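Two complexes follow with subunit A in common, the first pairing it with subunit B and the second with subunit C.
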Partner chain A sequence: MKGKNDRRAYLYVLPAVILVALFYYYPFLKSFVSSFFLQNQRGELTSFVFLDNYKATLTNEYFIASVKNTLTMMLFFVPANTILTLAAASFVRREKRVNEIIGSLYIIPMAFSMSLLALIFKQIFSPTNSIINRIFHLDIVWLNDRTSALFAIIALCVFLDFALDYILLLSAFRKIERNIIEASLIDGANEVQRYFLIELPQILPTLIMTIFLAVKDILLISAPIMLMTEGGPYRSTESVMFYYYIEAFKGSNRAAESTISSIMVLFSALLLALYSIIQRRRRHA
Partner chain B sequence: MRKVVLIMLLLVIPTLLFSAGAKEEDVTTVTIWHSNSGILEDAFMSLVEQFNESHDNIRINAVYQGKANDVLTSVNAASLAGSGLPDIAQLDATAGLDMMYAPYLVTVEELGVDTSELIESAYAAYDSKRGHIGVPFNASSLLFYYNADLFEEAGVEVPKTLDDFISSAPIIHEKTGVYAFSGVPTTYELITFLGSQNGGTYLTDNRNGHDGVSTKVLFDENGTFRNFLEKWKALYDTGALNNLTSGVSNAFYAEQCASMLASSSNLTTVLENTDGLFNVGVAYVPMVDSDATGGVNIGGGCLAAFSNTEEVREVLEFMISASSQAYWAESTGYMPVNRNTVESPEWQAFIKENPLYSVALEQALSSSEKVLGLWIPSAYQVYYSFQSTIASVLEGEMSIDEAVSSMADMINTNLMEYARQNG
Partner chain C sequence: MLKKLFAIALAIIVVFPLFYTASMSLFSPRDFNTSPALFFPTSPLWQNYEKAVNHSSFLRYTFNSVFTATLAAVMRTVIVTLSSYAFSFLSFKGKKAILFFLLLSAFIPQDSLLYQNYVTVSRMNLINTYLGIIITGLFSATQLIMLMTAMKSLSRDSYDAARVDGARDMTILCSIIAPLTKSIILTIMLQSFISTFNSYLWPLLVTNENAMRTIQIGVSLMGYQESGRLGPLFATLFIILVPFVILVITTRKFIIKALADGLSY
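Let's look at the complex of A and B:
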């Protein structure tokens, strides 16, 4: 009986496995294999070159710059995103009517498409007549400056990710069992103690998840850059995936295409492994 | 269940009817992927309409694919996928290299298009070792746009050379309080600034890549890039130059700068946006020095064919015909590519009324054939790297020598990498 059920279970997951194999594993294996070969413009493998393609990609100064940009964005985006969403979710975590109103304001960004928001942000940070400058009486050329353009993109990312992360964290807060909180009240815990010692540890798995989601979002960022800066000014806001996009799609550079996609898949896999290890450790601790 | 079947039937029947209707008329559809937006799209779509109305058996299906470079991206993607290529694509110089080697491209010669009325230099822009990769359709050249009111207020002449501009720019800046010029030159501008020197020079060997893939850059050895950078740095050092890489036209409309370099195809758009605000003038691009007499290249775009059919040939001949080109040029600012358009009394009357529309064509016709669009791999990256390198020189982060060798190295590396991958 058990064997029969098992077989049926495999049957149920089969369609998903086929799709994943066809659209994720097969393309990855194909590009991984072709990263060791030369390809002509029709995508046919011509000769085996072992690591030459990797050498060409990894020594390209613009690829190195794109890695640096991606890391810089990660360095600023992940903490900013975590602190802001956690603060917002903490602020409205109690079920009160006023909190419902504030809470629905927080999820408004979700109602707009990414491309629309990117174009709005492009106007907000326009170098010639920036709205931000007018409101705050600043004189920054935003998207025309190497440093500030990167931060304008980070601002957009914070806005884009805010609603989803906020909802995840809020539902984690709301799912905390009442009896734990009531027990802490009886024990005489004050607001601060209750938040840091009782509630925060309870939502930690979700918090770790949002942090990893944020890391992943920056690791794979390209569309907001495409829309907002096109990698400019002066190629200063190219992320790894944007660099991949221009090499693979604009430049028909097959070597860069297969090597960068292989590197990125391996990197994402490592990240996923790290995530699983952390979550498992935490559960067993 | 019965309801579902009924709904399905209702959905299927009309499609059957329609497809049957299309077959009866025996219409051939010619799909064009184009890059015209705004005013250009309106003009292009009305050309398409004119064609469709006058041809019973051919129907143009025009699909907007984004900027010229985006059209190339879509074409490359479709060719890699092995299906879905259009019959015709509107491409620019960044597609030159890909098209020269594209197995699916049908050259103008293979298609047998009648090109006898085309202006020679406009047609020569798409000449490759394989034949012409397309017919010129939206031909343009670089133009110097200036705010005539601000120039008058400052009491300065339109610069003929960069030396003129170096002396007049600070006067404009001082007297009017706005930047004399906005923008950072890149590939398009540099083909003129470098290519026009010494009466006309190539930027890379093999005739800027038209006679086969270039093997190396020439602008480092022949000193043209250094010569340009010295002048441009001197211009920047006057404090009257604003390094703006995007929104240059907006800065020009908002009178934040007195001049800019832009394609002649923007002329109608610029005039509409400044109508009632100030007077716009256009002039030849300033020369780097008095020996830089090569002029400008004919840029813009061509129509490349991917299907070898009579219908495609007919569409291309319509697009380059004297009347289509007259309509197209008058509504956009692109230069007519048909000799008969230029000689027609209608065009002569039009430019008499709108003298600004004749400057680009005159400039292009007096240019050297050596000033030619650059067909190199990774054109998109090179475009942004030029800007990046020039900005670094201006901001003092890089010396002129470093900039010349860094840019030459970057393009040479791309050329070597292309040769390594494609043999």
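Let's look at the complex of A and C:
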């Protein structure tokens, strides 16, 4: 087989290569190159300005606010997501009948699409008569100020990512080999020790994966904001990608489009590279 | 005991949006305006479902979604399967480089390329077409990894035997390889169907004719929110949700296994 050249293979990989070239590399390179130029209305490059577009974007007050909002959401979303999904998976990790019933309820969020769930959450967090207020005896005018709007958006995101992360963590727990757990039983480890000293370290790679997925998801968030708050009130809940969307499609702001696009691609690539390095280190350690 | 209570509390929170959608789908306009908010309708208004189903655009939006999701699922599965077969069983010059080129795309988030992709697709005259709705999502690097891992774990013996007998690639793929990797191929199809059916932002950008809208966008265009008739809106949402809830619960063992195998890269 070695040294043989199966020419027809090119035909089989061609569709994939064309799609990737056209809808991944080409748009990225185009944005990246354009980010160093001025553009006219038709999108043609006029003059080389090096980093001026970046300077303009990075000093724009709405862009800075969008970075702050994205980081704020990340600060609350990632721990909330991690704790809740880890708790859910931990609760039902032993294969028992009652756990199977509760466990099948935990994957129900998977049935929701983002846009439908956003419509439902908008009603749950209604500013006029919210069911949340009734349940928890609160008196909050939801979505009417930055804090409550961000809270509602984060709640939506937690719900959206819940089922997938839960499934990943649950299957990690269930893949732990029985003899490891049995050995700890013989050693006389109690329930708590076994969980923290034996089981958690075993599922750590999966936990790291769900954390990175959460960071990536919140870094790129835009549509949930579009549907829940449209960036409001008074542009106070705009995320970076929401700002990008508004500038690119509503504002015809080519400088913002090309610079933010380039920054975000590089940033998420860096994030994924970091993830691969961490996982590889762990595997070899 | 405390653990059980937390587990159940979490389950209640997780199920609440589904329960509340079902409940609100039977609300009258007045129920929506009652303060404090109601858990159950004062008297269930079944007409909401009649209105939802009889809305002039409901069937069209639903058809568009099901059709594009099916088309995308089939096309993506074929594209991923063909390339996975080539990388797993054939040898050709530049194989490593091409594979690297394809897999590196997993590092580039399409969300941040929306505008440039929109320009490309509109230059290709694909605005307001089914192909335009699905074209940017017809390949997935993670799915290629999933399938390649499965194909490479197969023994090469049956492949080599078939090769010696002079069988053609399509025969080998369809009668030997595909049946052995059936569960992964089905997972890829299911994932592609669901992700296309659920996508929102891209179909919103590449369609502007009402007849081409998908249901995810369509529900907001049916005029329920503007006219304050929220009952039929939630009835519509519930009708869309039910098949997916059933699908998710009945195939959960399969989904859990597939995700666990597939995402362990």
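One rule holds in what follows: the second predicted complex is superposed on the first by the 267 of 285 C-alpha atoms of A that agree within 3 Å, B and C clash if a C-alpha of one lies under 4 Å from a C-alpha of the other, contacts with A are read in each partner's own complex, and residues count from 1 in each chain.
Here is the rule we go by: a residue touches a chain if its C-beta (ideal position, glycine included) is under 8 Å from a C-beta of that chain, and two chains touch if they have at least 3 such contacts.
Remember, predicted model here, so these are calculated numbers, not experimental data.
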item: Contacts of A:Asn179 with subunit B and subunit C, given as first, second, both or neither; value: neither
item: First, second, both or neither for A:Asn190, with subunit B first and subunit C second; value: neither
item: First, second, both or neither for A:Gly43, with subunit B first and subunit C second; value: both
item: Partner, of subunit C and subunit B, that touches more residues belonging to subunit A; value: C
item: Touched partner set for A:Phe249, first subunit B, second subunit C, both or neither; value: both
item: Partner chain in contact with A:Ser236 - subunit B first, subunit C second, else both or neither; value: first
item: Contacts of A:Ser126 with subunit B and subunit C, given as first, second, both or neither; value: both
item: Intersection of the subunit A residues that touch subunit B with those that touch subunit C; value: 43, 126, 128-129, 249
item: Residues on subunit B engaged by subunit A in the complex (per definition of touch); value: 69, 72-73, 76-77, 79-80, 98, 101-103, 184, 243-247, 250-251, 254, 256, 377-381, 384-385, 387-388, 391-392, 410, 413, 417, 420-423
item: Subunit A - residues contacting subunit B, complex; value: 38-43, 46, 52, 56, 60-62, 126-129, 143-144, 229-236, 246-247, 249-255
item: Residues on subunit A engaged by subunit C in the complex (per definition of touch); value: 1-10, 12-13, 15-17, 19-20, 22-28, 30-31, 43, 84, 87-88, 91-92, 102, 104-117, 119-121, 123-124, 126, 128-131, 133-134, 159, 162-164, 167-168, 170-172, 175, 209, 216, 220, 222-223, 226-227, 241, 244-245, 248-249, 257, 260-261, 264-265, 268-269, 272-273
item: Interface residues, subunit C side, partner subunit A - complex; value: 3, 6-8, 10-11, 14-15, 17-18, 20-21, 24, 32-37, 39, 79-80, 82-83, 85-87, 90-93, 95, 98, 101-102, 105-120, 135-136, 138-139, 141, 144, 169, 197-198, 200-201, 205, 216-217, 219-220, 230, 233-234, 237, 240-241, 244-245, 247-249, 252, 255-257, 259-260, 263
